[in-house]
Amino acid sequence: MAWTRDEMAARAAKELSDGFYVNLGIGIPTLVANYIPDGMQVTLHSENGMLGIGPFPYEGEEDPDLINAGKQTVTELPQSSYFDSAASFGMIRGGHINLAILGAMQVAENGDLANWMIPGKLVKGMGGAMDLVAGVQRVVVVMDHNSKAGDAKFLTACDLPLTGTHVVDLLITDLGVFDIDKKNGGVTLIELAPDVTVTEVKERTAANFEVAAGLA
Amino acid sequence: MAWTRDEMAARAAKELSDGFYVNLGIGIPTLVANYIPDGMQVTLHSENGMLGIGPFPYEGEEDPDLINAGKQTVTELPQSSYFDSAASFGMIRGGHINLAILGAMQVAENGDLANWMIPGKLVKGMGGAMDLVAGVQRVVVVMDHNSKAGDAKFLTACDLPLTGTHVVDLLITDLGVFDIDKKNGGVTLIELAPDVTVTEVKERTAANFEVAAGLA
Amino acid sequence: MNKVFTDATSALDGLLFDGMTLMAGGFGLCGVPEHLITALKASGTKDLTIISNNAGVDGDGLGVLLETRQIAKMVSSYVGENKLFEKQYLDGDLELEFNPQGTLAERIRAGGAGIPAFFTKTGVGTLVAEGKEIRDFDGDDYVMESWLRADVSIIKAWKGDTEGNLIFRKTARNFNAPMATAGKVTVAEVEELVEPGTLAADEIHCPGIFVQRIVDGGNYRKVIEKRTTRPRP
Amino acid sequence: MNKVFTDATSALDGLLFDGMTLMAGGFGLCGVPEHLITALKASGTKDLTIISNNAGVDGDGLGVLLETRQIAKMVSSYVGENKLFEKQYLDGDLELEFNPQGTLAERIRAGGAGIPAFFTKTGVGTLVAEGKEIRDFDGDDYVMESWLRADVSIIKAWKGDTEGNLIFRKTARNFNAPMATAGKVTVAEVEELVEPGTLAADEIHCPGIFVQRIVDGGNYRKVIEKRTTRPRP
């Protein structure tokens, strides 16, 4: 049985450590905030210029001057700080963010990532995604294993325009978890969702991968 | 009769305009602050990270956290602001400072300036001088016309290591004022100190210069 | 030297011309210079190149300048919230240059700080790096990006004094602070205009040296783009 | 995740090694991390490369590390206030790399912001540009300068919270803020250590992400290098 969106988010939350500064993308990655273990301090970064993103405000307490990178109203925490966009991306580019968790359209076995543009369709823009994948210490992608049409999204090489090359460290899909050695190459399937088999994963994956001992 | 240090500073103050942001170097340039005309607002910049330098504090009110680029204790004004050194030199390099008034060891007729290093002597460092001459909109040099040994300091070419090339717009010495076309070349003597003659200036100058109509 | 103007229209007087390049602060609709945008619309100035992270939404923010077809080109990182933008772009009426958001912010910062070019890892191996110089530093590839500067920057702050010193509020600081440094002329609108000395010198986010004109904007609409809330416990 | 250490010595524990590169904040004696310098002296760590705008004065600031001959190289813009420095340099015991002050500040900022190199007009045509790439942008020459990073940055702030958020006071901000971003590990000493939420989020100069360790320094000497006053009227 494949993982739900929330189960994927919960799995991604296992990549967090106490004291981490983390950037969460839009969609499933946003849900990861709900699975931060009690007692673990994780500070969330927002590209527009904030550290320490709090939960959504109570109705009637929305502040138009306080939004996250997804333009949603959020709140402040005791440890929060604000800064301008140039400083914010200085943090990202300078390698100060420990972890980014992002969605993707395609991931390749060499760690390439495509998540911003489909040729022929209107392009909305890459926003901060290229900066994040290039600058953050560790990049975790969370995505559905296949497209709605059933096509593989984990490929030998991306055919969509890239967001970054050799950038993905870990891929979490509804079927399992892949460790990607983005420097030296090589992919290993390290976890499976309940009742999902290696055979099924292989059928639904275009990328080449090894299977960790104990899973095969 | 050659100008005194204070008269040179007073002459330099004529280069100020209302609303100017100005950086004053150590020595005679510092005295320029005493000659800002009443009613004219000039905001003084300090490289270490301050706009709006006030006068020296009253005795007993010195604040170790409030110094100028010469490390002297100063005070704050209502319009003052503080910022870090990277931001401070962003202002300088980005051309936001209207005017810098600096001392010099040598100036050349092409606008070259030397004011930081004498080979064979211990070098103290250039501090912010290279940044100022390269970045500020207009550079005015105030210096004695000759060295204590009587040597010319306004030359066809500097022989000391340079602080910047083609950077000086105006040279004020105890003998007079020279306009320097740093882009296209060409120097014009435009003012003389009282009772100083063009002949005397020529004798004491190695640089070539024209003489403005009315002075010759 | 008076920097204070009575309204947004007079604050832009004499600065605008067809074909000019403007920077406009804000992220989404957060911290946009709404009164200056309204005045820019009323001015009818056209063929504008606008550097702004987003292009507003339909009928709000920079979106109002799309309605009047005053914009010829946008330099942005994300324009996904705007149907009119989509139509004008697909019709070929609007030119678009996408920049990664951090590269955009750094190019603006570089423009203000006198840095004509810098190297960044962002975008290496992607469309963004095509035609640009790639160079290896310490074993990694970086792409060279150039500065951005504008004829006029229009920005919005929370409080400002008559010397042009500015304080922003929360995430409304965003692109407003770096853009203030990169305009030949920077015009700031504020929610509250105060006398010098009212703002603590250590708390000023943008020193007045970067602001040539300032106006108390008066009533602010401060539209929320995506209102998200949680239930009270 | 505890960032708080009880004293300067423990705050440096495990971070120091012979031959390491340190950044030390301050301008002259203003805003220098005095307790961390004392602890560094006591540690006996040697062959240090120190990036700092100045080298302290005889017996104060970084000057104390000259007495113990712990410094092998200084990267600075101005070292004119220090006789012992002069002697060690002339004796060949000390290496010295001069940077224009703004280039030094920008190289540090670049180190923190992931920019391996940038172009500046500062120093073109001087000794500073020798051996470096010169390039023309829009008709002017610029020199390429590279980033600076450190194994450890030691900085001093006015107030800090236990999350590492910092506020500086007046001109003591200087190099402390950019250096915080450019150390693999940044250790901050503060005059007052407070709980999170005490410092207003809009007033924080250095977000805690840049500060790995923080210590309440206790008594500060805060030496004045050049006491200048005016007569009372």
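To keep things simple, chains are lettered A, B, C and D as they appear, and every chain counts its residues starting from 1.
Convention: a residue touches a chain if its C-beta (ideal position, glycine included) is under 8 Å from a C-beta of that chain, and two chains touch if they have at least 3 such contacts.
Remember, it's a predicted structure, so these values are computed and weren't measured experimentally.
*Asks:* Please state, in steps, how far subunit B lies from subunit A along the shortest route of touching chains.
*Replies:* 2
*Asks:* How far is the middle of subunit B from the middle of subunit D, if each middle is the mean of its Cα atoms, in Å?
*Replies:* 28
*Asks:* What's the distance between the Cα centroids of subunit B and subunit C, rounded to whole Å?
*Replies:* 36
*Asks:* Could you list which residues of subunit C touch at least two other chains?
*Replies:* 106, 109, 113-115, 120-121, 168-170, 201-202, 205
*Asks:* If a residue has to touch 2 or more other chains to count, which residues of subunit A qualify?
*Replies:* Residues 76, 82-83, 89-90, 92-93, 135.
*Asks:* Taking the top-of-page definition of touch, could you list the pairs of chains it picks out?
*Replies:* Final set of chain pairs in contact is A-C, A-D, B-C, B-D, C-D.
*Asks:* Report the residues of subunit A in contact with subunit C in the complex, numbered from low to high.
*Replies:* Counting only subunit A, the residues touching subunit C are 46-50, 55-59, 61-68, 70-74, 76, 82-86, 88-90, 92-93, 112, 117, 122-131, 134-135, 161-166.
*Asks:* What part of subunit C is in contact with subunit B in the complex they form?
*Replies:* Residue list for subunit C touching subunit B: 1, 109, 111-115, 161, 163, 165, 181, 195-197, 201-202, 204, 207-210.
*Asks:* Quick check: in the complex, which residue numbers of subunit C touch subunit A?
*Replies:* Spelled out, the residues of subunit C in touch with subunit A are 27-31, 53, 76-81, 86, 89-90, 98, 100-103, 105-106, 108-109, 120-128, 158, 168-178, 205, 222-232.
*Asks:* In the complex formed with subunit C, which residues of subunit D make contact?
*Replies:* It comes out as residues 106, 110, 113-121, 135, 137-138, 142, 146, 167-170, 201-203.
*Asks:* Taking the complex as given, what residues does subunit B use to touch subunit C?
*Replies:* 18-19, 21, 41, 43, 45, 51-52, 76-83, 89-97, 135
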